[in-house]
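Labels run A, B and C following the written order; every chain starts at residue 1.
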């Protein structure tokens, strides 16, 4: 691992809470690591677990899924489904040997700009500790 | 044909002489055997039945990159195929399969990817002394010591191997091995003949294919297809592990701007194999797909190339999860004729 | 089990007006093979068997049969399919009912209480297969192998399949007709296969699975044999978008295996068919059992027991565990 390694994080944020939270962090001039590539989705409930797998395959060193707090979902219950599904995915990824530090899930509401900063810092820090995730890359495949 | 003798203790020396060439041999344990590159300085152990995955992957890899390109560019980058490869311990049935598949890839237009690899590969065969229980090579034109498709045939004579060159490539190998070989006497050659005969005797299963190639088209709507395919799962095990199955699919794989075009094994047992863009599928169920598999091997191929596209290795019988047995199907076909 | 009674019942069911055909097990073409048998007429029932070799889960055929477009004016055949099930297979049927993959009035379930199957690989290794079909029977404390007219008694533990050692439901959970009396359940063994992988460190687990997945030839027999993998349009076959590339390498094989295992989270009924049919001998059961164990321990849910239950991944509880959330 080179000293100036910067992890690549893909974050799936729900439109109604976490994306607005990240927006608030920006407008409030809260500084947070620039390693995250944000992908906005309408709800964490529509995050297909294969998104996470695909992100790791295509060069992400860590993945973050963030949505509304339980009970706050714009669609009433999308985040409850996501919690169950992605919880299982986390167990499965750990079992096949993907470092548990590479995949995180969080609840960040539209008013939690500071919490967003903390979540990103933690995710980036974890991915940095875990190191570059070369083993799973599509690009690694030669001829 | 010149026959030479190799003492078994000199086997590592023989492998060591193959410098500059990549050596492939059966690797793995028990039933998980497959052909894979041998580490330098190692001599593979040849005491095995047959590999699960046939050696066709050495000339027709499961996934082959045809070229690479940038989505926004015009350049293409082609693979360098110049590595000479020696396959050690190929069973005569598998070698024969390559001779059969050559006809398909060389029909009309020569397939450059296939033939480039084919020219660079030397097949060193190993005659069977203990055929498996589902082997039936003798009834489709092969045999436990058949040489078709091979460059060099080895026979295990207990203390020694008898080496017989079949082609120039094989002669070359013998020449390169030089003084570690000994001249084989006539008696050793006879010993080998006897072993081959004994092995052929041990093959219990047989297919009587007389009349089948001509008769199959007439059985197109026969209820037998429904019967034999009812339990089919529609998986690709039989075709992927068949040494003569050669269907492939070509797809582009893109990641960002980097892309590659590759071809990979496909299987006529899959639904989307014959699925049209319109959504219509001319082989909509497992009945038609099973019928196609048998027809292709025992009728279409015979029509076109005058040889049955089945070498009797028994893999599809051994590994079918639901005991669909090609010998049994052919018996039923014969009955229905 | 009394084979005569089985055949008699099967003949009765197959002869019923409202039954299209019956699916059971019959002797295979050689060695220890057992093939699925499709019985349309009562006479066909004479070839059916139930022995420790009947590992195949026949529930997969309920959803495997293609629904082809019918010629105009032709009515679809609405008769029932009769199916012989062991304990684990019956859970597959129950789970299919939960997911509305089938309707209860489309099937006649014939339950066979199961004292445990033999592991076909282990059996073939210790007692090589013969050209003639061989037989295996249950005895009081194990199995009896009949090959070439010779009988060998083998203790139960020596050949019992892994999935059966872990089995908690040897008796069918749903059935219309039950053949014989329920068997005594046994204490399921510790799942050493899963624990062994869990005990490795993260790099060890990755290395272990890479070694296994690199053998995968992507024949998809694990998917096709699974009674609960029955999507008409599987993501693995999709080209637009391509979820998993067709090329065979580490990366795609791993993605495929993760996807397959995940789609069975909270649905897998642990019949072990995926592992049995895999031509590359990948221990797929470990992935499924690991997830099943998590679902059981963390969410208190077991699939395939109650046909009225809610599907695991399409339901939730407000107090589901969330200790993994930042």
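Keep in mind that, in the parts below, a contact is a pair of C-beta atoms (placed from the backbone, for glycine too) under 8 Å apart; a residue touches a chain by one contact, two chains touch by 3 or more.
A quick note: this is a predicted structure, and the numbers were derived from the prediction, not measured.
Contact count check for B-C and A-B (C-beta pairs in contact): higher for B-C.
Taking each chain's centre as the mean of its CA atoms, B is the chain most distant from chain A. The chain closest to the protein's centre is C, with centres computed as averages of CA atoms.
Centre-to-centre, using mean CA coordinates, chain A is 36 Å away from chain C. In whole angstrom, the spacing between the mean C-alpha positions of chain B and chain C is 31.
Here the spacing of chain A and chain B, counted between their Cα centres, is 46 Å. Those residues of chain C in touch with two or more other chains are numbered 245, 247, 249. Counting only residues that touch two or more partner chains, chain A has 138. Counting partner chains per residue, chain B has residues 253 touching two or more of them.
Within the complex, the chain A residues that touch chain B are 58, 138-139, 143. If you check the complex, the residues on chain A that touch chain C are 49-50, 53-54, 57, 70-71, 77, 80-81, 83-85, 87-100, 104-107, 119, 122-123, 135-138, 140-141.
Those residues of chain B that touch chain C in the shared complex are 30-32, 34, 52-53, 62-63, 133-134, 204-205, 227, 230-231, 233-237, 240-241, 249, 251, 253, 262, 264, 267, 270-272, 284-286, 317, 319, 321-325, 327-328.
On the chain C side of its complex with chain B, the touching residues are 28-31, 33-36, 38, 56, 60-61, 64, 66, 68, 121, 125, 129-131, 215, 217-221, 223-225, 237, 239, 242, 245-249, 273, 276-277, 279-281. Touching chain A in their complex are the following residues of chain C: 197-198, 202-210, 235, 243, 245, 247, 249-252, 254-255, 257-259, 261-262, 265-266, 287, 290-291, 294-295, 298-299, 312-314, 316, 318, 320-322, 324-326.
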